[in-house]
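So, here's a batch of structures to check.
Across the two complexes that follow, subunit A remains constant while its partner is subunit B and subsequently subunit C.
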Partner chain A sequence: MRADAAAPLSHAEQRALEHWQARRRWARAGLVYALMLAFAIVFVGPLLFATLSSLKTDPLEYPPTLAIPQLQLRNWTAAAQLGQAGAGDRWFGGFAPGAVVPFEISYFVPDGVALSEPEVVVPRRRPGAGLGAVLAIEFAADYATVSELELRADVPVTIETPAEDLRGRQVTYAFTIAYEGEGPVIDRLPLDVTADLGMRYVESTLTASRLERRGRTASFNDVAPGLLGYVLRNYVRTFNEVRSPATRESLFLAWIGNSFTFAFVRIVVTLVIASMAGYALARLRFRGRSLIFMLVLFSQMVPLQVLFISNYLVLRDGIVTIDGFTLSSLWGYPGGMLNSLTGLVFVTALNAGAVFIMKQFFESIPREVEEAAMIDGASHWRRYWNVVLPMARPALGALTILTFQGAWNDFFWPFIVLTSPERIKTLPIGLLSFRNTYGAVGDWGLILAGAVLSAIPVIILFVVFQRYFLEGVSFGGGKE
Partner chain B sequence: MGTKRADAVAAYLFLLPFLALLTIFFLYASARAVYFSFTDYDLFRPPNWVGLRNYVDLFNDALFLSALRNSILFAIIVTAVQTFLALVMAAVLNQRVRGIGFFRAAFYMPSITSSVVITLIFLWMFQRRGLINYLGETVQRSVPIVLAFAAIVVALQVAQVAWERRRRLPAAWTDPALLVVSLLVAGGATWLLVTTGVLSAREVPPVDFIWLQTRDTIPSGAPFWLAVPIPLAAIMIQNVFTTIPTFMLMYLAALQDVPKSLYEAAAIDGANATAQFFRITIPSVAPVTFLVLTLSMIGTLQMFDQVAIFGDAAPLRSVVTLAYFVYNRMFPGAQTPEVGFAAAGAMFLAVLTLVVVLLQRRLVRSEGY
Partner chain C sequence: MQRILISILALSIVGGALAQQIRIMGYGGQDPAILVRLLDEVIGAELAAEGITLSYEPLEGDFNAALFNALSAGTAGDIFYIPVETAPGIIATGKVLPLDGLIDTSPFIDSLVEAYTVDGSVYGIAKDFNTLAVFYNIDLFLEAGVDVPDEHDTWETFADKLRGVDALDDDVYGACLPAGFDRFGAFAFAAGWDTFDEAGVSNLLDPAFVEAVTWYTDLVREGAAIQPSDIGQGWTGGCFATDDVGVAIEGAWMLGFLRNEAPNLQYGTTFMPIGPSGERGNFLYTVAYGINADSPHRDAALRVLEALTSPEAQQWVLEQGLAIPSRTELADNPFFLEGTPEATANAIVFEGAADGNVLGFQFGNIGTDWMTPINDALVAIMTGQASVDEALTEAQRDLTALTQRAR
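Moving on, here comes the complex of A and B:
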């Protein structure tokens, strides 16, 4: 092919070749975009799929599908109306005295199968397993009255299947569930509708949560859910169902609070300690400086597991124990600092990486800037506080965001320090106890909802401050 | 002279909080770990000196040997796979295009979320009736469709390139413009074949691969030191997935600095894409490769979170790593804690990590980077 190049090209040929090559560049860019899109789908896919599946009644349903009833407009309006009927709350629903909840359910009855009225029951069903299961709750079954069934519609239909056309009729029954007399407001109204064998469930006011007993029983988790109670059911459950048995306090809320507190305190501690240490290492000349800097580098290479044995004991017993009196008793923690956020902050306060970042940043500020802005004889503290620190805002911002991410996602130390009671945990450790209680019974809806909720703050932070995260990578990855 | 002294005093005052923490939580902690590794400390009774017994016992302990095997296989396999894939993907994407920021954000998503979130999601996907097995089934089912699509693409591409070459245009076999046409036409043709029923998915039995509750290994029945337990392989897949994007973007940044003229010159000399990849791409990003290898080795050798989060979802022996071994001996549930033993395991992990770091430092220096 290359031999052609020897022959001189005419002007027209030249232009044709240029066009030809331009077309190739466009095509290559198009392919690169397509590939990038494919990679993006691969990398975001699991998170996205988990988020969508967290809306499902059963995220383990097989085959996994994205045809999720919770995403259908028809169910949204029904859920809001039913919630309104149940407790006058179109968002979160419920079942309150005086409520009359109307409901319809349709069956396909093939020719040759006798039509019989389905049986409607409000079951005494506990919401899920685990921490919520031990709480005393009110059951809608004790207050609900189901009306007589009324045959609303009866039309002949034909269902086309690949094998044969199935003839029969579609019947629709209507009934109401009433709350008569006085009583508490109950937060959910489960329902089981069981039909004779041969009759097939087609649809209902709200899509059935699942079909049981070989499709005979259409089971509903809540027929008065309200819009959010229906679409975000698993999310509402994470807050409502997971409560401390003793105080009935929502554990998930407590974990979120702990995580934010921990992150906030850790940011403040890190900024203060790292900027001071970084300033000294970058600007002051003194004996032992290079030794300390070596230690900064070296301490990042030693695995956490080497340090955690002694550090755990420091939290438990204090640094040294003399006749049963330890230093930590001075801080008012006679039983040690295990299972407290204070202990967690102490043991995670050493952050050599942050010192390194601040040192690098201070070194990048020209010394002249600092000296010009400062009258002679100012103390180092004033130079640091009045001149250098205000200039370090970008670095402090980056450090804040990285520290927040680190604290919010931190697993190892909270896992070691915060073991009991449940309410003291941070979000990642709390999620782990979710897994232990709900994973065993296959209730993944709750776990996924918790996981998605706990990922949201960092994702928001990332979207807003993407630049800092990318800089963080180059900081962490040894800057040249 | 006075200012020098004042400088030193000021410096140490500035460093005071940091040095206090460093002394207690690093120096003191390291020293105590070394000391404990020579004792029989059990968290409650005062320690007794036992010399090297813990270190000797390590190599007679079945759990430690499993942990050692798992950690080494995990580090080597994950590092190799993710470094290679990251480089290949970066090379494929190495093109200055607009709007890369959006994609970069998407790529980073798995690596900014916490290990607990990602691991829980993967645990869910690795269930017997989970997404991974479903994908496996889908791939098997669609083999005929994929093969037909590939055949049509190749046929179209060959035909088009032959045609262009007859027109005396220098089209390569992978010519992008023709490839776009081939892909689009083949996609349409396959779709037609499927909707008309000429081509249909294969019937295959549902994939029911047990990822978690199993003691099996890959390859099945391999000698102890070469056998990758299946639950560990699941963690490997997860780890590769979450780390590739970070490394890929590091490579991409490095690749964009490689002068285009290098590739053009090589193309004139007749080097094909594969030769260009091995002769130009790999050597020019060697410094990044060393960085990526070091980061990856250190990260994978110290893998802990995933094991702890898997918990009782997988047999301990199949997923235990050195880091988790230390934790497990320190808090062994109902048994007596073996802090001395745990400390010896931790020292082993530390030495292993430092050896990797020093080895790579040495390599980097001798290569002249």
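Moving on, here comes the complex of A and C:
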């Protein structure tokens, strides 16, 4: 006990205090980390769960489990080997002429149940929904021959259940599926194995996609999938199944291409215009400067919804019509710019917020730097291009990221401008049409895969450029 | 402007002839692809020879909102889809061309023409349609030793069969019944109830309606049936695919889902059970092609409408397994008699349109909001929060308020 607070601490007291302070520090750090961890789980959790679910055969599985066959090493090797056997392609598999695909399946037969050979069928199965259901496809069933079943193993086993021990035997059948004669290479080789009631499916070369008919039928979506064709089935489907009926072009690829083009052009246009306008407003003295700046700010205050009808009409009618000549003819769209990426760039690229950020940044650069250049005889353009712009790299980086993210995720304008044909859409609009096409029939795997794919570029961007992003936020936020 | 480029092909064939481009506004999703194939394989060449080209503009998202916008902005296509549930509202805009004397409606199923008739004039030709049917899981019924549902079932025998299946196992239920008028309504019609009585009023306290609600919700309350959400499913089809329910009451739209999610499910299909009125009840879910009254190419649009609903086009759509045709003559199409479960289901859904008290999935000018009070009541009763009387009294009050607002 200290009588006087000013008295020097004894050695022991000093140590106790340091201990206490260290504990406080740890506690505080622990609290901060726990909070950040909680935030990370809240924000990243759904994405992670969606990603895992997108691998599942049935993403709506209830109750959901994490025991996903697609994540088991055993299935990975099997899938690669089967793909190799099916079409000589261990990555994407398939079913090609001359293929012989070996397969094994095991059942538990409880004592008292007669052993009977299961029935093996390559079904004629077409996608039930979406564009896959509309397009004409080849069926593996028309070319596949299933061999006789061979009883590979027959061992007595006992299965322990909470209620009772079940005695019986485990039998393993082997067979092959052959592609005899000539024919096309087929994407997938579905398989159904149906056993008598009472026999229980245990395992097979590849885990069954689903058990049906109260456990009697083990159904496989594809028994020659290849590694990627198995693990990333829904992802492969987004590229393969979603095709334009007229040209057979992969729509998903076209959408990705459109989104990248749109984002890239918009970034370039934004950077050029915002940096030049920002520089002019920050440094040049001219009449009406503050009025223009006010107008720029004002345009930021008017909600998008107020302007969009007039902007839409401008796009639709091609701006000004004089004897059939419209302003949009200059860009090669005499009939208006709806359903074109150019039109989309036109209505979205000008961004007052970006001008504002650049202006603020340029104002934060000391005038002396430019004055030095001025003494050396540099013109306005030279000062802008060779002196100020290189110094503005953090702001430009932040703007790039913000613009990319905005363009990539933009929904409103693409939804209005890009309606037809299907290939002109950007990814978010494409995903909407996914939802209409596949959501209606519960094919959520495809939608999740598409959504996860569309999130990847933004995630990569943030991870790689997060430094710029944070700097950018602080510019936009409060810096004078 | 880039559109679906069927047009280019057509233009090259026609050469000098006057080309007319007809714009069709319809659903997104599968429909654009179906139209492209339909034109490619069946009707495209014929139309092209007459100098008519087509462009399809899918309205993704909320179709009705988008169509109303397009109609009021004057940008609607020459031909557009008219969903049955909003047909009265769309027709009331005066923007739909009456087809009397322009198109012969006699080859089409009467109840479908009826759904698009207002004050004696026909405003749309059904593109295709769906009704409800009883889908049953053959394995479950066999295992339970219960006869599968058949066309002679009344509500009582039907309910008994469901109870039989339910007794099989703790995880197994007789049927999956959603708390929604979009399925339940068919049973109300089987009891002899009508959406609007002669005075144009919806009477939820009508004894027939009360009887239907009691029977339907009792199945869930006693445990013979289950709501989809109670076993983690979003809709009846999801329940059915799990092998845990004996019966699902859905339309042919479930077939594609089953093909993907439960390809080996052994199911059969039969007609809806016969209600206390001695008749079956059913809904007609459909969408029609209508013609824009302001279309500058009215004749060409009529020609396209004829081609789209021609026997050849409808037969192709049917044989591809894409939709059920609206022409009565296709009842004898060999496709229906193939004997596969899908073909049988399609045949039963087709015949459902002309069997018993069949009403369009339609609620006057109010649209689908009309169902909300009833859906709320069904949920309240099924979950035991309210008695049938309480819930229906409240629903009637809400519905009356809704109707008055809409006037």
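Operating definition for what follows: the second predicted complex is superposed on the first by the 420 of 480 C-alpha atoms of A that agree within 3 Å, B and C clash if a C-alpha of one lies under 4 Å from a C-alpha of the other, contacts with A are read in each partner's own complex, and residues count from 1 in each chain.
We take it that a residue touches a chain if its C-beta (ideal position, glycine included) is under 8 Å from a C-beta of that chain, and two chains touch if they have at least 3 such contacts.
Fair warning: this is a prediction, and the values are worked out from it, not measured in the lab.
**Q** Following superposition onto subunit A, is the placement of subunit B relative to subunit C best described as a clash or a fit?
**A** Subunit B/subunit C on subunit A - steric clash.
**Q** Taking the superposition on A as described, I'd like to know which of subunit B and subunit C A:415 touches: first, second, both or neither.
**A** It touches subunit B and subunit C both.
**Q** Of subunit B and subunit C, which one contacts the greater number of residues in subunit A?
**A** Between subunit B and subunit C, B touches the greater number of residues in subunit A.
**Q** Based on the superposed arrangement, let me know which partner A:217 touches: subunit B (first), subunit C (second), both, or neither?
**A** Only subunit C is touched by A:217; subunit B is not.
**Q** In the overlaid three-chain picture, which partner chain does A:314 touch, first (subunit B) or second (subunit C), both, or neither?
**A** First partner only, subunit B.
**Q** If you stack the two complexes on chain A, which partner ends up touching A:432: first (subunit B), second (subunit C), both, or neither?
**A** So A:432 meets both subunit B and subunit C here.
**Q** Report for A:369: first if it touches subunit B alone, second if subunit C alone, otherwise both or neither.
**A** After superposition on chain A, A:369 lies in contact with neither partner.
**Q** Is A:192 touching the first partner subunit B, the second partner subunit C, both, or neither of them?
**A** After superposing on A, A:192 lies in contact with subunit C but is clear of subunit B.
**Q** For A:29, decide between first (touching subunit B), second (touching subunit C), both and neither.
**A** first
**Q** Tell me the contact category for A:9 with respect to subunit B and subunit C: first, second, both or neither.
**A** neither
**Q** Between 9-17, 63-71 or 81-89, which run of subunit C pushes into subunit B after the superposition?
**A** Clashing stretch: 63-71.
**Q** Under the contact rule defined above, give the subunit A residues that sit at the interface with subunit B and also at the interface with subunit C.
**A** Shared contact residues on subunit A (touching subunit B in one complex, subunit C in the other): 60, 62-63, 415, 432, 436.
**Q** Where on subunit B does subunit A make contact in their complex?
**A** 4, 7-8, 10-12, 14-15, 17-19, 21-22, 24-30, 32-33, 36, 43, 89, 92-93, 95, 97, 100-101, 103-110, 112-118, 120-125, 127, 129-131, 134, 137, 165, 168-170, 175-180, 241, 244-246, 249-250, 291, 295, 298, 301-302, 304-305, 308-309, 311-313, 322-323, 326-327, 330, 339, 342-343, 345-347, 349-350, 353-354, 357
**Q** Which residues, counting only subunit C, touch subunit A once they are in their complex?
**A** My answer: residues 1-6, 27-30, 32-34, 36-37, 40, 55-61, 75, 139-140, 143, 231-235, 237-238, 241, 243, 253, 255-266, 320-322.
**Q** Which residues of subunit A touch subunit C in their complex?
**A** My answer: residues 58, 60, 62-63, 123, 125-131, 133-135, 190, 192, 194, 197, 210, 212-214, 216-217, 219, 244-246, 316, 333, 335-336, 338-340, 415, 419-422, 424, 429, 432-433, 436-437, 440-443.
**Q** Which bits of subunit A are touching subunit B when the two form their complex?
**A** Residues in contact with subunit B: 1-2, 4, 17, 20, 23-24, 26-33, 35-37, 39-40, 43-44, 46-47, 49-50, 53, 59-60, 62-64, 272-274, 276-277, 279-281, 284-287, 289, 292, 295, 299, 301-314, 319, 347, 349-350, 352, 355, 379-381, 384, 405, 408-409, 411-412, 415-416, 428, 431-432, 435-436, 439, 444, 447-448, 451-452, 454-455, 458-459, 462-463, 466, 469-470, 473, 477-478.
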